[in-house]
Amino acid sequence: MDKQNWEPKIAAFVCNWCTYTGADLAGTSRLKYPANCKIIRVMCSGSIDPVFILKAFERGADGVLVSGCHPNDCHYNAGNFHARRRWDFFHELLDFIGIEKGRLQFSWISASEGKKFADVITKVTEDIKAMGPFTAYKKMNSEFTIDFPEEPSELPEPEFQENSDKETE
Amino acid sequence: MKIGVFICHCGENISSTVDCPRVADVCRTYTGVEYSVDYKYMCSDPGQNLIKDAIHKYNLDAIVVGSCSPHMHERTFRNAAVSAGINPFMVEIANLREHCSWVHDNIEAATRKAIELMRMAIEKVKRDKPLTKIKVPITKRVLVIGGGIAGIQAALDTANAGYEVVLVEKEPSIGGHMSQLSETFPTLDCSQCILTPRMVEVHQHPKIKLMTYSEVERVEGFIGNFKVTIKKKARHINEDKCSGCGMCITKCPIKKKAYNSFEEDLAFRPAVYVPFPQAIPNIPVIDETVCTYYKTGKCGMCVKVCDREAIDFGQKDTIHVADVGAIIVATGFKLYNIDKKSADSKYKGYGEYGYGKYRDVIDGLQFERIASASGPTSGEIKRPSDGRVPKKIAFIQCVGSRDDSKGISYCSKICCMYTAKQAMLYRHKVHDGEAYIFYMDIRAGGKMYEEFVRRAIEEDKVKYIRGRVSRIYEEDGKYIVKGEDTLAGMPVEIDADMVVLATAMIPQDGAESLARTIGIPYDKYGFFNEAHPKLRPVESTTAGVFLAGACQSPKDIPESVSMASAAASKAIILFANDTLEREPVVAKVNEDICAGCFYCMKVCPFGAVEVKDVKDINGIVYKEVAYINQGVCQGCGTCTATCLSKSIELAGFNNEEIFAEIAAL
Amino acid sequence: MSRKADEIMAADTLKDAKKLQASFISTEPFQESSKEKEKEKDNNKLFHIHERNVSDEISERTFQDVSLCYQCGKCSAGCPVRYYMDIAPNKVVRFIQLGYYEEALKSETPWLCAGCLACSVRCPKEFDLAKFMDAVREIAIEKGVEIKQENILKFHKAFLDQIKNHGRSYEVGLVAEYKMKTLDLFQDVDSAPGMFLKGKLDLLPHNIKNRKEIKSIFKKTSGKK
Amino acid sequence: MKYGYFPGCSLTSSAKEYDISLRKVIDKLGISFDEINDWSCCGATSAHVTNHKLSTALAMRNIMLAEQQGLDNIIAPCAACYNRLIISQNEIGKHTGIRKETEDLLSVKFKKDVKVFNILELFLKSGLNKIIENRKRELSELKAACYYGCLLVRPAAITKFDDAEEPESMEKIVEATGADTVDWNYKTECCGAAHSIARRDIVVDLSKKIIDDAITHGANVMVVACPMCHTNLDMRQRAMKRKYPDHKEFPVLYLTELIGLSLGMDEKELGIDLHYTNFKYADTLLNNSAKG
Amino acid sequence: MKELIKHARELLENGEVAAVIGYRQVSAKRTKPVIITDPEETSALVFNEYCLNNLAVYLTKARIKLLCKKNDKVLKLAITAKPCDVHSIVALIQENQIDRDTIHIISFNCHGVAKDFGFDFNGDNLASKCITCETHKPLYYDALFGEVKETPQASDTALARIKEIESMPHNERFEFFKSEFDKCIKCYACRAVCPLCYCQRCITDKTIPCWIETSSHQRGNFAWNVIRAFHLSGRCTGCGECDRACPADIPLSLINRKMSMEAKNLFSFVSGRSLETPTLVGSYNEKDNNELFM
């Protein structure tokens, strides 16, 4: 793979009320930022599960951003406070088992901080670019299951492992 | 599943950096996509028609629109989908404008990203489930807590709109603090004169059920369906029989054992009393703590004089239950007490002003009573200690307010105005009297307010001194007020005959426990929190509970009244429908696998999680699981992420959908 | 900092220009005006020398931000020595807040403060004014500002000298040194003989054993922070 | 009961009678003192108004000595010393920077919390009934104005023992001696403190106001617990007389002297004769009470 | 020991408890958990340095809960628990799994246990958790036995290992853990012995959608072990049973220990130490560390 032309793949989990709206504002303000980051909208930063991040890495993401409302600004009063505790832990855990802290980044971006959103995305993209592709994780994919093409030549059909078993409870 | 994909050019807003036809072409190749098209303005009428026609023509089950932010047009496209016969929650929006075309320059990169965003939305929509809005029936009755001016206004407005009202007041009469005031700023009209007709109106209104001397004990349920338990305290007077003649009051031999709290402890009241002559309802209350009958079993003077046989010593507290659809909280305020002992532990007293030991150092409400024509001095300004007419009064503002060291950082907002009014009233009544006002800033924002303060200074020659008072001493029956004129840079000492302290407004007693009973948040002082400081100032964060008046923050009468009307109209808006429709984005527990750790209950900001017993075939409870009340849940999903066994799913954003999005990254 | 150095520079040149103008018509000896100029320079020293902002310095030393004060004047109202001060205590804070450091540091007020803490306990913003005054005095000494209440400073210096030499205060030495410093020979003549007669004052100081340690404390703390 | 003892400079010279009476009184009450070896001046006003670092170091040196001597608590009878010690202790507790600075200066590590008590706390802690039990005389003819001065109760957040504006603890102790107390205004008003020498004019004015207020409220004696206050209120009465010719001498006693009197000691024993103001008037009152 | 037996016997005879969960000796250096319902059998109960199992794990099992239901009456359950096992019980009470009123805790003054069966009890063979143990006396109990004895001294090798891992660069750490996790055979013994893994259906068993891939390939192994550690973060009381149970010798408790250290460091919280302190998960403080967030 040509490292020069490599573009990182970044997932951003953002809350509907602050950061998503902040991203909208970045758009209406015509601010420019790299196109590597794709947003997955959830209702509140409190509803983002750490497994989502692992799933993103499994699906070939090189970095993940999690963003919500500033403390005390949560649309649901306290969702982001619970999230903050959760991420503090998860971040330390990932760091301990060898995933650099820069791979998973966090921010509080309010609905009025379009500029901040653009800056954060730019910074995260640059950070991840500097770190290079997350080959360590991707290798785990390639060694056992499907081959993940490093640079898809044609946009592939999304594949999503769905267990055909019905839930048995 | 048949999916339709619609890519909007948004004029050139999207198409200038995103190759829309190419996006549509690529989307067409994805499994499940039956139809894919791009169009100049999807949100326009022809655009919407395009969608509707496609739905009909291709029998689509779900659609994905690549357009502007869902915050802009999600509703438009959902409505279009509904009118074409598919569920509104089978519509996904990919944000190709704000999140893509507007923020990127490179056409290739932007187009790629647009395709990926579409891909994520398509994967999500495949897993979307049709949802129906949650319908909750509404009990069209309002509970108003607090019978001050805010509560009265809210009750009258709601009742006049044709809805039933239960008005609960903890004192024996409605009227609140406004009934205690002498005159009101900035018009100097008599407070009683404007209030009393409203009180009577409440009493006579067929839609209002007035419950005085009562308190709210419990609140269960949720918006549209609250169940309220109210304790009616025993008056020891049969309300149906009593005619309000007042014979019992005049004949009661206990005259000087209890302070009259309506007169702010400046006078006494008998053991059987009405708080004030214009009380509504005009039915007395027997105070068990001082009544001789309750001490010795003798006396019974009131029984003898009552020709209606209304005295009932054996009366007990009664419990009433009311079903209501909305609650308006209007519990108002009380004044901070400078006393060392009676001041709440949260606040410290004012030792430098004597901790209330000086009898002629009084607070604003006491001065109102002294200045009131119906007050203990019949409106003559006299000193409580010796009844002399004070020739010099020092008014001190911000006592407690804006004072971090005493525990209150906020501005009580109304003191500037009422102090000016009181000084003015004093100067009108005692022509040779001198009035000094110690202030920090004058906050006179309001119609005719600044003019009013200037009038006090210019016409009534009230002397304003900018500076806080450090100490008050008593010397030879005079009160030495030590201050500093910070504008002149000179120390000031005034030998006043009387000192009036504009003490801070703090929440009414029991505000915090009431808030916990209802389940609404409050700030560190005990003022109830509004849902949004700008856009939802009269709603609490608990749906169906509205706030009115000074229980939310210090307020004057016009503000309280307008807030009360706003709260009433919020309730009326709620009642305009027979059932309540809510976005179906709520969490649901899979009871079979819930382990009952109740972490969800701990994290839920709305208290929507309840304990549910799961019973076996024999009806024996074998486990406890979480149950989420759909009426209360606001759909944040914090519980879903906290749940360790993943037994909770948030409708509309369930984990399957999000995993699909991640997979399609 | 409200007065910027360049503003003052501008003011200086303006003054100089005026003086220059005046020197054409006046017959005053040139020497004196240069002396005056030097003095003026000296006065402006504060704004040029100190590398750090005085209000920051005070905030740092007292662990409280001077911007806390909202100028209600309660401190001045309750100050027992307010009548003897040149400016009100709250004004000293005001000057520091606004950057008029010179005016604040030269004021008599901090020196007259008796440290009774009435202001600190009553302050609605819980601003410890007594501590603030300590810091102002300390900085005034460090910056070598002219202190108008010099007797008070002389007293404190004489007192500390006693501790430095003996480890404890030695009242006879204190009074003697103070009188030498101030040349105020007659004050307290009425009380001192009485004290001797009653056997309260010892003619010899109480020296503590470990005077070396006291001296080293003095030495180590005398340096500028 | 055993306490560490930090007399402070004044108690070895100008306030000798305070030291004398204190030692006699505690002896009677069965309390003993363990004086800090080689204690030095707390730095007093002069240090903290001119050099913050120095003042903390001087005060903490004594705490250090107490700690090394194995004392858990110290009684500082001088209100000014008490205030300096407790404030310095609070400061190093609150700000690690100052703590480190001071520890480096004294080359020591502060480990335990040596509690500093003032004279009022000593009597309140050791029990007022002890005074009542050992009381030989009831000083019921005395109407005492209890003067706390500024440094005994302030700042209340640090001293944590009585109200800063309306303290009542000294009244409780004085009432245990059988004497009456008066409610007056200037309990905590400042006497001018360390300005005693450099600005005697201020001290005379302030002290005059305090004494006048006590007299207005019906007191016939003032009780103090601070050598600096005593100097200003007692010794300065001569200067007061010069400035205000109609000033009448007003007796000012140390709290310990008053307790001593009630425990049956005489004026000379307690060092009351070392005061500038005479206490004869009180003598007659005491005689009266003995008769009645 | 006699007192323990007597006490257990009395409990059963008086009908105060439905069963006593305890240990019985099987050989000199080996015990086994036993559930006793017959007073006569109580003589088998022991407590010594080889009572390794954390019996709290049984408290949440449905079948054992059934034991307590006798004729519409709910009887108590007695459990012999080391002071460290009491931490697990506290955590379970806080997580609403058991009711303090229905549990009778028989605990002991503990001076440590051996690291596994068959080892001599001394400083070299001390269980890792005992090295840093601070609760030799239980925090909560209904009956307390055993004399106070000195715990043998031993060096904290686990901490040294954590420090060693922390000093490695990220890629080495990742490779280290990847190879460790790779040994996992997904037997879920760690889950079975953990008293706090009481879910009726584990996250890894959830299939629609599939949260954690169950095949034991690298990716699934990695996800399982990370999520297992995360789910125990702030909850794990450090009993170390997972380590003992793991047939592949994955250093599970090492990660748990590290996360407990973080809990203490970030939130000054130690799990299972107090019934009054709110649980770490499920509560928050507005002043929590905010450095993470841009």
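We just call them A, B, C, D and E in the order they show up, numbering each chain from 1.
Everything that follows uses one rule, which is that a contact is a pair of C-beta atoms (placed from the backbone, for glycine too) under 8 Å apart; a residue touches a chain by one contact, two chains touch by 3 or more.
Note that the coordinates shown come from a computational prediction; the quantities given were computed from them, not determined experimentally.
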If a chain touches chain B and chain D alike, it appears here: C
Minimum number of chain-to-chain contact steps, chain B to chain E: 1
Co-neighbours of chain E and chain C - touch as defined: B
Innermost chain by mean C-alpha position: B
Furthest chain, CA centroid comparison against chain C: E
Furthest chain, CA centroid comparison against chain A: D
C-D against A-E, pair bridged by the larger set of C-beta contacts: C-D
Centre-to-centre distance between chain C and chain A (centres being mean Cα positions), rounded to whole Å: 59
Centre distance in Å when chain A and chain E are each reduced to the mean of their C-alpha atoms: 34
Chain B-chain C separation of Cα centroids, rounded to whole Å: 53
Computed distance of Cα centres, chain B from chain A, in Å: 39
Per-residue overlap in chain D, given as positions that touch at least 2 other chains: 164-165
Junction residues of chain A, two or more chains touched: 78, 82, 86, 161, 169
Touching two or more other chains - residue numbers and ranges from chain B: 352, 592-593, 603, 642, 655, 659-660
Listing of all chain pairs that touch each other, if any do: A-B, A-E, B-C, B-D, B-E, C-D
Interfacial residue positions of chain D with respect to chain B in the complex: 163-166, 185, 213, 216
Chain B contact footprint on chain C (complex, rising order): 70-79, 82-83, 87-88, 90-91, 118, 122-126
Complex contact set, residues of chain C against chain D: 61, 63, 80-81, 84, 112-118, 120-121, 128, 133-135, 137-138, 141, 149, 151-157, 159-160, 163, 167-171, 175, 178, 182, 187-188, 190-191, 194-195, 198-202, 206, 208-210, 213-214, 217-218, 220-222, 225
Chain C-facing residues of chain B, complex: 352, 398, 402-406, 440, 466-471, 482-486, 489-492
Touch list for chain B against partner chain E, complex: 592-599, 602-603, 620, 622, 624, 642, 644-647, 655-656, 659-660
